[in-house]
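Below, chain A partners chain B and then partners chain C, in two separate complexes.
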Partner chain A sequence: MDNCTYEKLDISGLDAWFGDKQALKGVSLRIKPKTVTAVIGPSGCGKSTFIRCINRMHELTPGNRVSGVVLLDGVDIYKSVDSMDVRRKVGMVFQKPNPFPNMSVSDNVVAGLKLIGAASKKELEAVAEENLKAVGLWKEVENDLKKSGASLSGGQQQRLCIARALAMRPEIILMDEPTSALDPASTAKIEDLVKTLKAETTVIIITHNVQQAARISDMTAFFYLGELIEYGETRTIFESPKSPLTERYITGRFG
Partner chain B sequence: MRMVSRKNKDRVARWLSLAITVLAIIPLLWIICSVVVNGISAINLEFITGVPAPYGESGGGIANAIFGTLIINAMASIFGIPVGILTGMYLSEYATKGKFSSAIRTSVESFSGVPSIIFGIFAFTIIVTNVRHYTALAAAFALGIMMIPIVAKATEESMRVVSDDMREAAIALGVPKWVRTVKIVLGVARGGVITGSLLAFARISGETAPLLFTALFSFYWPTGIDQPMATLQVLIYNFALSGYQERVLQAWGASLLLVMLVVAINIVVKIVTRQKYKEGI
Partner chain C sequence: MQGKKSSSHYNRQDAVFKYLLISASLLVVGLFAALFLMLIRGSLPSILGNGLGFLTGTTWDPINGIYGALPAILTTIVTSLLAVGIAIPVALGIAIFFTEYAPVKAKFPLTVFIDLLAAIPSVIFGIWGLWIIAPLIKTYVQQPLVTSIGFIPIFGGPAYGISLSLASLILAIMVIPIIASLAIELLSRTPITLKEGMISLGATKWESVMRVGLPFARMGVIAAVMLGLGRALGETMAITMVIGNSYMWPFANPSIFAPATSITSKIASEFYEATSAIYAGSLIELALTLLIITLATNVAFRYIINKTNKEAKR
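Up next, the complex of A and B:
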């Protein structure tokens, strides 16, 4: 990993505003492919804004602005790519599981492909099965594929949402506190899943739980008041943080 | 002491509200009972399969009016429901805070309060006076317009309560806005849209005034949608005032069928609504 020179994501001088309020200040970092990066920091530090700049969702609210350069595989996603195409390459999983209640379990998995009309029915069935297996949900829902996506338990719904993101074969998956609404057993399943996901894709995960960051991530980025305070290998960040702020945060003295 | 008086007040409030509720329901039950009692004896096979007998002859049925009501309602729905859904969709997903949007919203809201006779005169003026004869199409047009605000309001409200989580989930998948709006937001809201459409259908099933200006009446089977057409509503109006005892009885029978249609629609609405809540939206 260390000797990989290729960057999946290369962000430099990223600023973001909500109207007049600046939420991100000059964030620069590089993320290597097939890694898990944890984004930590106290509430309101810009974590969510940061990841929403990577799939161009921040700009959706009128008045919001973004400036800086975000290169995905060397291509500027704000200049050379349509926002819809960016979102097909950069998947997202939200804090609250949000399967589509008007679709069956299997249709939820392939919702993205189906809604843009990208595959035949036979292909969709195969994609649904493959991705339900990838998130470890296949055995649990094999006989309920036609039931509403909303009929599953919270933890199952969240894995369904991960399968839905995976089905687009994204270059990057963004996760915004995906386990904060789940019970410990479901959380453990998602954590294990995140670790396996990096075989296929690159994961950037926001978490409020620093132990979770330590358990599942290769790299950790600590944000505070819209600035990237420290970024490096998770072990280094946790064992010998450079910034006293980082140390105070990860030892639970504020946040 | 105080406790006893509080309990007494409670008791009085409870019995008073119950008594007034019963009082309010009495006229309603009275209407339904008299429709059932008077109407049931009119209903037989000839009544629901035949056309009205010529004046002076006994027997005959109202099948042409049943058929006419269903045809006109169906034509009104084909026009009114899609327009209503698109209007509601616009108001929920695309409307801004600008003047244009608020003008549309205000007109949709005030439209639902306009007396139905106005829609009848409107259709009469722009269609009937131009083609120079009464036509079922004009009736469908008048009733279709009446459906628009009901369907639009129901669509707007049920699309608005769809959580933004659903919209964000679709955005994050790179789904274009119109697909999101139709397949996700409208899809999740469909229970409310179906309910609103059924209620609009029930509402126009009882309208008579617009029909008097447009479809008028016919004693025969419909010959075309551009011709005058019998409906249950106008048949009730004509027969009840005809002075012939048998026709008056048939008007009661037609009233019973109309009430049954509306009640049936409301039962379907109840079932649809229950399903909507089961899905946990």
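Up next, the complex of A and C:
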């Protein structure tokens, strides 16, 4: 952890609903820039809902609601920013690799930039190469850039999706269990990648794997039944959790 | 092998059932072959009497024994393509609205209306087109266009109302529900993960549909369009009522506002008058030509599907 004093993300009193069902209850936490924050907790505890409130994806389903304040670099993303702009600043990597099958490997990387337009073909090629290198995929796909993004292996697809998110130069990258559909070797590659990502950006990663949280994160947030039970430095959480719930969860006694 | 040796009751029952199914399938093949042969046999007087001139001739004059089918063939192809051209954007618009924007409450009524539109008998479209749409389109669309850009031959006057373009419009309305209901089915199958992937990059719903939804549904949409094209090619009643049944288009008057005659309207309006063997034969040869056009469309469509399938696998 560096000595940064300002907050990248400042969330207070965040509530979220699916129709009448409340999925998040008064979540408040602050995240420093260039850190990796792991979000852990049993299924249905609100982890996914929580990160989907940070890029305003939660509100996509009709009937869903959000209240509370989410400040990104001090700006309220629910009041002062258009939802599309929020999503350009806050990238997302999903549980199941979802490269666009109708686009080539390189077009997948620049899909978001193409939405904004403005970049020339040459610039886009350069961006594709740069970001494929950043996720360690360049050497593997160098000769297959024109192939469909869906032709890659699962692990490669997920790194392609990370490259796609990175290409937007996001302030934050949200990851929703990015390795749960992958084999151990691919998982290790992604974990290494996450550790290098924080040089450039801020990562918030949901994981079902407590060991993974311990390996890759600086901070850990433990959610239970829609509430943030405990949040702090990963080492502290794992060595001396304050809440007995946290302790039971990380020692594998439930969830 | 074992089945043959054992003679249990169940195996015999299975065999009987199997042969019943085989004969049902053969019946389809047999019917098609019989139909095709009947058409060829019926057209023999025309094939022998008119020769190839039947396909290239532009005059249809039974009194003097001249039978040229080219205007009818061209009319059938052009009205159908125009109809599908009008129907595609509207139908896809309906499908995109339905899957992405329509409130849940509006979805059920919308499907009901699309299905109702598909269920309207074509004679109703015909009479509506003839009595209501034709005068309107003549006054408010054709005449202004004729006076403003009428110097371009395909928009030339005079405006008749009933015309090639009106036929295309009525056909389009009949084709829209076919393409729309299939496109709704296809677009709602776009994996949510792909949509969310696009949305998470800052895409609007519209961009997500255009860049991920439609490409994903592409093959099915092509199939839907081909189905609509098949419907348009074969439509008879409504066309006969609104197309004007004149052999003017395209050689005497290339304007899309000119009356024309399609293969189906020609057959439908002249079959009772066909007293001589060559006249009847010529109409049957028209039917044979339509069948071949439809088959060719089908083959082309299978070819496209196979090709895109292979590309997708590559």
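One rule holds in what follows: the second predicted complex is superposed on the first by the 251 of 255 C-alpha atoms of A that agree within 3 Å, B and C clash if a C-alpha of one lies under 4 Å from a C-alpha of the other, contacts with A are read in each partner's own complex, and residues count from 1 in each chain.
In this text, a residue touches a chain if its C-beta (ideal position, glycine included) is under 8 Å from a C-beta of that chain, and two chains touch if they have at least 3 such contacts.
Everything numeric in this text was worked out from a predicted model, so none of it was measured.
Undergrad: Do chain B and chain C fit side by side on chain A after the overlay, or clash?
TA: These partners clash in the superposed model.
Undergrad: Once the structures are superposed on A, label A:111 by its partner contacts, choosing first (chain B), second (chain C), both or neither.
TA: Once the two structures are laid over each other on A, A:111 reaches both partners.
Undergrad: Quick one: is A:22 in contact with chain B, with chain C, with both, or with neither? Answer first, second, both or neither.
TA: So A:22 meets neither chain B nor chain C here.
Undergrad: Same chain A residues contacting chain B and chain C, which ones?
TA: 55, 57, 60, 84-85, 87-88, 91-92, 94, 96, 98-102, 111-112, 115-116, 148, 161, 164-165, 168
Undergrad: With touch defined as at the start, can you tell me which chain C residues reach chain A in the complex?
TA: Residues of chain C touching chain A: 103-104, 191, 193-194, 196-204, 207, 211-212, 215-216, 218, 312, 314.
Undergrad: Which of the residues in chain A come into contact with chain C in the complex?
TA: Per the touch definition, chain A meets chain C at residues 55, 57, 60, 62, 84-85, 87-88, 91-92, 94, 96, 98-102, 111-112, 115-116, 147-148, 151, 161, 164-165, 168.
Undergrad: Over in the complex, which chain A residues touch chain B? Could you list them?
TA: So the residues of chain A touching chain B come out as 55, 57, 60, 84-88, 91-92, 94, 96, 98-103, 111-112, 115-116, 148, 150, 161, 164-165, 168.
Undergrad: Can you list the chain B residues touching chain A in their complex?
TA: 163, 165-166, 168-176, 179-180, 183-184, 187-188, 190, 279-281
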